[in-house]
Amino acid sequence: MAIKPEAQSKVSLERHGLTDEQLVAIFRTMLMQRTLENRGFQLNRQGKIPFASASEGHEAVQAGAAMAFERGKDILVPYYRDLGLALGIGLTPYEVLLSLFARAADHSAGRQFPHHYASRRLGLHTISSIIAAQLPHAVGAAFALHYRGEAGRTVLTTFGDGATSEGEWHESVNFAAVHKLPIVFLCENNEWAISTPLSKQMGQPDVVKRAEGYGLPGAAVDGMDPVACYAAVGAAMQRARSGRGPTLVEAKCYRFLSHTTDDDDRTYRSPDEVRARRKDDPVPCFERLLVEYAVLSAEQVEALKRGVLEETNDATDRAEAMAYPDAADLYEKVYAEGWEPWTL
Amino acid sequence: MAVVSSANSTVMNNVEAVRATLYEAMKNDERTVILGEDVGARGNVFLITKDFIGEFGERRVIDTPIAEASIVGIAVGMAMEGLRPIAEIQFADFIYPSFNQIVGEAAKIRYRSNGEYTCPLVIRTPYGGGVRGALSHSVSIEALFYHVPGLKIVAPSFPDDVKGLLNAAIDDPDPVLFLEHKKTYRLIKGEVPDGHYTIPLGKANVRKAGTQLTVVSYGLYLHWALEAAQRLQEENLSVEVIDLRSIRPMDKTAILNSVEKTRKLLIVHEDNKFGGIGAEISAMVAEEALFSLDSPIRRLCGPDVPSMGYALPLEEEFMSSPAEMADAMRAMVKF
Amino acid sequence: MATTDLRTGSLERHGLSDEQLRDMFRNMLLQRQLDNRGFQLNRQGKVPFALGSEGHEALQAGAAMAFNRGGDILAPYYRDLGLCLGIGLSPFEILLSIFARAEDHNGGRQFPNHYSSKAAGLMSFSSILAAHLPHAVGAAFAIQYRGETGRAVLATCGDGTTSEGEWHESMNFAAVHKLPFVMLVENNEWAISTPLEKQMAQPEIWKRAAGYGMPGRRFNGFDPIETYAAVKEAMDRARAGEGPTLVEGTCYRYLAHSTDDNDLTYRTREAVQERRKDDPVPAFEAVLLEHGIVTPQDVAAMRKDVLHETNEATDAAEALPYPEPTDLYKHVYEGAWEPWQS
């Protein structure tokens, strides 16, 4: 399925076994991701929160990949631009808003930056701001699954194109290949690492071409196409679950917004370039496709959008009303027990 | 000092103590895996894990690619998902590529997830000089890490402490950096109690009692300090020697009790003086017990150079000696 | 050895003269002689440590022949005795390093075989695997930055080092900036005790090149002429501003990792013996004899000469003094220094 607006009447909907209900669920995750993300930027502009980061353009790959994730079994080791993935595996908008507002009830109790979630319940590993630092952890988690013989479970770990330049990326992919671990490395290649374009990140533009050098299969997929992403990531995860080893999947997408609210992308790329890429925006593209194939009516789309906005508003109000952590919480959870560097 | 095995103890050196303790951990807990460079068929470059791979298999004794960042990082992920990994950095000098995973990740996992995820991990590494290890097989690294909350650091010097503290480190719910002075590996023998036991982290041990001077040390230098203190004993000068054993957390009570008694403090360590462990101890004693002191605190530590050189005179110049320590002790007692 | 066509008996010289072929062979003999000398001195209790490079002779002699003295820069690792000899280091300098004498390039600070020579374009390197590769890439950047066409950096490492993050980061940066950089991997199948199959899931390192967007090729590192041709092609490409190349030479580590290692704990004597049939030193000798480039008398004279030179260098270096204890405090920074300033 290539979803291009100018060619929409010619494309066909390849479902890869997804039901109408699943397609709608994917679309709703995409809508929710975009709405929540904009909410972060709005709250920042209103002066209510100091910081928010963005994932616009990643909705399709994340909603599609999340659909391939088996809740209660698989483990997700994401990075900080994975709002949609986290939502897709079960994180609630309220939990996202708690993170944005850094409230005491947040999973990290307000310690971490926004969008750095963690949920043991969901199998969602704690996220680091340090690029590629999560990848050895993901490999270690996959080793644990493999070691205990827990067939049918796999780790999905994600990163941007910039992370592929880190030594820890290389070491992680290599180790997973040597030990044939149940893990899928999903690169969300959005062409930008803050201000650094892909051409300054690597000597050739296809991350997937690295797979052969490590001795593992690689798969490239259109990251603007949620169903294709579901299929590619799903096949890789199924391969991992059945003990056939790791896969490197590269989804080509695009970062429509600045890196974060602290960044101004006009300093390094032209608004025209970004505008030109908007034609591939996966949210309206997928919407048109679902309507064209009568998976959704126009009215149902409107109802979905309304529902998502209401849920976001409700989550915003509830989270905002919650308390910050106590100052004394600074000293909590450094070690398992209360601690002092000096013992008495 | 002759040491003999008794009905309830076995004489071993520090290598054997590490080995026996790791063996017991592997035997007793299937969640325990060992990963590092050459830990498998070679059985570690000091033969600490010799024959482990035959008994426990490749899945539990993992010869990793040469990639230290991922040795620690993968162990972090294993720990987060319920295993009890023991990562080995072949020489402490090789730990720098994994600095991010130790300081930036392992030490923060619990904190940043508000306790939802934890990182019960042991990182073992041989450190220290006096073995003709040159610039890259000699360093002490403790000061680079003891600044880091979320991490624990242990540096035992005697085989019985090696066993008790390594068991405690393995049981510990948080990441522990376990430092083994390689010069003491075969040099130091002692009685090790049979059976399983632990020694709590953060507890020092008075290895020699005395009244006129407190000496605080750990590692190879602790043994040299004990030797020097013994010489002074023959001169009827009484020195108390404290084996720190744990560097983070560190035993305040043991140090203060001793200093209140002897009223003098000498800190001896092989690591560089500037910004070293002795600096923190000095500051603590100055804050808590300044008016108990009868003389300035003194530190006898490694010189401020990047490492010891390979040529013998360069190593000898870097390293202190029991004689130099005895001189320093004598001067302080007589101050 | 692919150098000779068994059917025609012809020798593919890749432009090398008889004299160059003999130079390469002499380098190989000298490398082996010096390597053995280090191990002997260790067994005699005269030096605490030595490293072996037996099996790497052909690869290193061939690669060194592709190095332009006075122009190129070498960023080697600690198993590159032959390469360092081949670019101009003397046996006396090697022995100074083994004995850790004051006159050694690094003043006796470093382990044996950790050479450096600014004059030879030989960058200082540590025992830490892959740590030198970012330096090599930085040096290549400096050459490119100053527009010094005709110069290139030759960096080497073993197969184990390719697993390090710094290897990856170096390769990637060199490719992004199309630097005059050649990554020569001396794949000897062993990283201390770790065999290649535990190092990587597929055994051909050159296949990683495509992922970085640079050319890659593999050659028989037991063949000095094939090595020369492969490394020269890559170096010429780099010198001409056409960017980096990954070249992988296959060889074998015949000795233990170092005098502190016992390789019988992880591989059998028979396995090593089996690989001895490919030993590049007698194999290349046979090729040169067959093609009349050397006579048996020439070979005997060369061996004698190499041994004599090694003995002389050993005696000369041993007679020299250690560094002074106070040398420990020199060259920490420029000039005199103290951490506390008054």
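When the chains are written out, they are named A, B and C in that same order, and each has its own residue count from 1.
FYI, a contact is a pair of C-beta atoms (placed from the backbone, for glycine too) under 8 Å apart; a residue touches a chain by one contact, two chains touch by 3 or more.
As the structure is a computational prediction, the values presented were derived from the model and not from experiment.
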Topology of the chain contact graph, where touching chains are joined (line, ring, star, complete, other): complete
Per Cα centroids, the chain farthest from subunit C: A
Whole-Å gap separating subunit A and subunit C, where each centre is the average of the chain's CA atoms: 45
Separation of mean Cα positions, subunit B and subunit A [Å, integer]: 42
Distance from subunit C to subunit B - Cα centre to Cα centre, in angstrom: 37
Sequence positions of subunit C contacting 2 or more other chains: 163-166, 198-200
Of all residues in subunit A, the ones touching two or more other chains: 167-168, 170-171, 174, 178
Sites on subunit B at which at least two other chains make contact: 64-65, 67, 69-70, 97
Residue numbers on subunit A that touch subunit C, as the complex places them: 165-171, 174, 177-178, 180, 199-204, 209-216
Complex interface listing, subunit B residues touching subunit C: 37-38, 40-43, 45, 47, 50, 63-70, 93-94, 96-97, 132, 134-137, 274, 303-306, 308-314, 316-318
Subunit A - residues contacting subunit B, complex: 75, 77, 106-109, 111-112, 116, 118-120, 125-126, 128, 130, 133, 135-145, 147-148, 167-168, 170-172, 174-175, 178, 332-336, 339-344
Subunit B to subunit A touching residues, read off their complex: 33, 59-60, 64-65, 67, 69-70, 72-83, 85, 97, 100-101, 104-105, 108-118, 149-150, 152, 172-174, 202-203, 246, 248-253, 284
Residue ranges of subunit C in contact with subunit A within the complex: 163-169, 172, 175-176, 178, 197-202, 205, 207-214
